[in-house]
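What follows is a pair of complexes built around subunit A, which joins subunit B in one and subunit C in the other.
Let's turn to the complex of A and B:
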């Protein structure tokens, strides 16, 4: 396959859906292959990809289901192909099997998740109910990198980054969006990553390598079957140590006006847009509010959040999410030991606007 | 321009989403921050199709909103379906030809406006441009985009059809203009339920 890398020439503004943003970014990042299975609200990633991929010498395969889509990505990346998938809801549930495999074999898998409302057939629209699933799903330890985006620009930026991070660190990497982000149109600036000085991390095969094990190269150890418990233990412990050692360079977050905040609004993804507006509105009314937003849900910016709590002297954190406590649980385990009071605004499956947050803050301050 | 929030609702096939998309494109082309999101759930299959549009000079927060500045209901059942988006700051617009029970109208509104859009489309223009009249009305009510941008956006969207049949261009532009005037008139008159 002749891959044409030049996708975006000059930087251009566009008015597109989030799913289109994913597709263009994946093309610009040099993704060679998408494996997928239809599921709303991510369908258009596949649609746009199948329309555009042939023009740039990229490939696509619709597999028989999501389990297969995930595993074909696992296979392709072992051959050194920059492959990805995109899914949502029940597809994300099914893909936990291959995602767990990618985790345990340290495969540079990249997947886009557009959250919808659970259970499988729940809603096809929107939620933030796939946080636990995407960060800690599967029978593994959650050695994953998860970016939760809030704007189309971030979808574009973090899709490019996601591929790079996956191939640099070899931990499965996720872009966690949602149905609103997938389907809405908003302005986006598309650019060629290399023109911006973003180096594209080269891909490399993990199997079929030259040389002979024991003579001139080490074995790859892409193991997924262990005869002894101790073997598994050793591997997981080593991965845990590596994951923890790279976490400080991976964590990303955004903090607004926490320095003197009496209350910190904690949210992620699209809800953080409402949180920012709420901070503005509250400040205008003389209420000292700040906001903290983890961009990486895994690894979680726990040191930075602890620091924000310490320096602000805030009395309360308000956790706002379109789920019933998934970010809340994640946060509490990460900042264990802090004594700040944690309040919540849980709206599972529906959007949160600034008004909701402002009202809640006023009711608890 | 301060944030403008618009909810457009109607039946599948009425062109609600097309109009919303063209309006949003026009706002985007003017350099405004713009968000357009359809309701794309199962409700759309057999339910009321709703488009949520926001435009502003500043960055826009949440993609959906609780209350709109303008709600436009393009079918009888869309009136009751969209009543929840109306509050005391909302212009609530419907077609004057609809038979709507009093209890289906929103309880809170700034003004309820019945526009003769269907009648104008059917008698003076063509039934197909009903949605374009509505698009013109949105502009007349909100100034969310200027008239020229709207015409350009229409041209971008339907240009290929206009090329084949230039009369369509004239028809659409007239519909846009009549919608705008209709809305401006109703604002002046204060509207009536």
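Let's turn to the complex of A and C:
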């Protein structure tokens, strides 16, 4: 496909929705194809893409369902094309099947998840209830890379990074946003990644290779099913080893004022903005609060969180999330053995503001 | 020119193949291999196989090949073709994968006139999983999940795939039903189905009536009798839609 890579000329300030940020970033990252199926709150990713893509020589297909959207991406990336999809909620559930295939076949699949309320059709609005599904969904071992963004700038930055990471490591990679981030507008600085010195990882085909079979190349036989237990075991163990070896270079997190914190507020995604504001408010009232935010939910910054607990000497962690304990479970399995008391503020499918966190902290200190 | 006994496009390290004795898949794949050779498309063909007995073909060809999931071969081939239109994509599936779990992919790919070639082997049952009822199981036919025979009152009548696909597709599509009992015709239909993709016309689909003596629990004679006397009357063989017209495929 003839793509015009030059999408963003000079860096420009804009005021856009998160879904629009995804689209511009995907174009800037050189994404060549999007496959998608309508579901709120990610629809505008497709809407912007279908308007902009033809201008830059990129393709689109609206598939019959999310299963098909996921599998068409699997096919396109096997053929060496930078392809992606975006979905939410029940669509994310359906896409677990192709995501599993991408895990098994080490396909450089990139997907944007804009979380909505659940279970079932839930709400079309917002939640953080797709953490478990996106990190560990499917009948595998969660060999995935998941970035949980908090701002439109991060949506832009991590969409570009997500494609790069997917093609560099060939583990399926996800940008985990939510309905708030998808729909609200906020300032964004759009830039050309190459102008910023961000190298775009080149794509390459796994099938449909050049040359003549039997003369100068062998046929490729890609598989995801094995006859023997031991064959599968070796494959999964190799993936696990690779995943663990690259995890230190992938892990990203942010912490605020944890050094002397009596309480660490742990949150991810858009809720971390409320946590940061709560830290400011609590500090102003003389309460030593800090915040810790995993940006990568997979792999999880467990060593960094343990370090934050150790250096602060904090007595409590407050886990705040718009779900009923999905980040909580993820965190507990990652920092097993720590004796710090873990409190929670669970608001499944409902937004969390600084006031909620401040009140909760005061009630437990 | 002497035609070699083994198609050039076969992958020899995987031979002898893994299908049961008497299974029709070997015949379909031989016809397909010879067709790939004749059309000289081995280097740019992508062969994708479904899960089920069709999976056993995953390393059958010395062509770039990929395994998919049960029912999902159609969207994977669509993704490849949309990404790289110069590649020749062949999706290979069974009746369960195509007409049951993957039916909405099949139907919608046909409606969109996707320029892929799909080959669906109809042996009236789920062979790999031990012989359960398929969408194509004939009325009265005994399977593991219809031990007293398929009752259309309970489970409906067998799916006639090419007939419904012919209704959904434009004239540029190629839709046919072949049988392993008519080898030359089978090859001709496969050739047309690939030619239709090569020429960029549209969707191409061939259902092939095939045999499953293992799960039918039939001997050689009974197997062939079931194919010709039971299946072929219910599933009429022929081209249902062809851009090449009558005789235009010679």
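In this text, the second predicted complex is superposed on the first by the 352 of 365 C-alpha atoms of A that agree within 3 Å, B and C clash if a C-alpha of one lies under 4 Å from a C-alpha of the other, contacts with A are read in each partner's own complex, and residues count from 1 in each chain.
Methods note: contacts are C-beta pairs under 8 Å (C-beta built on N, C-alpha and C of every residue); 3 or more make two chains touch, one makes a residue touch a chain.
Bear in mind that the values here come from a model prediction, so they are computed numbers and not experimental data.
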Exercise. Looking at the overlay, what does A:202 touch: subunit B (first), subunit C (second), both, or neither?
Worked result: neither
For this session: Name the contact category of A:38: first (subunit B only), second (subunit C only), both, or neither.
Result: neither
Problem set entry | Touching partner for A:75 - first (subunit B), second (subunit C), both, neither | second
For this session: Pick one for A:57: touches subunit B only (first), subunit C only (second), both, or neither.
Result: neither
For this session: Could you look at A:313 and tell me whether it touches subunit B, subunit C, both or neither (first, second, both, neither)?
Result: neither
Seminar exercise, completed: Partner touching more residues of subunit A, subunit B vs subunit C, is chain C
For this session: Determine, under the contact definition given at the top, whether A:124 touches first (subunit B), second (subunit C), both, or neither.
Result: first
Exercise. Touching A:248 in the superposition: subunit B (first), subunit C (second), both, neither?
Worked result: neither
Seminar exercise, completed: The shared contact residues of subunit A with subunit B and subunit C are none
Problem set entry | subunit A-touching residues of subunit C, taken from the complex the two chains share | 8, 11, 42-44, 46, 48, 51, 55, 58-59, 61-69, 72, 74-84, 87, 104-105, 107-108
Exercise. Where on subunit A does subunit B make contact in their complex?
Worked result: 15, 40-41, 123-125, 179-181, 183-187, 270-271, 273-274, 276-277, 351-356
Problem set entry | subunit A to subunit C touching residues, read off their complex | 1, 32-33, 35, 59, 61, 63-65, 67-68, 71-81, 83, 97-98, 101, 105, 205, 207-209, 211-214, 219-225
Exercise. For the complex, which residues does subunit B have touching subunit A?
Worked result: 21, 24-25, 28, 33-42, 60-66
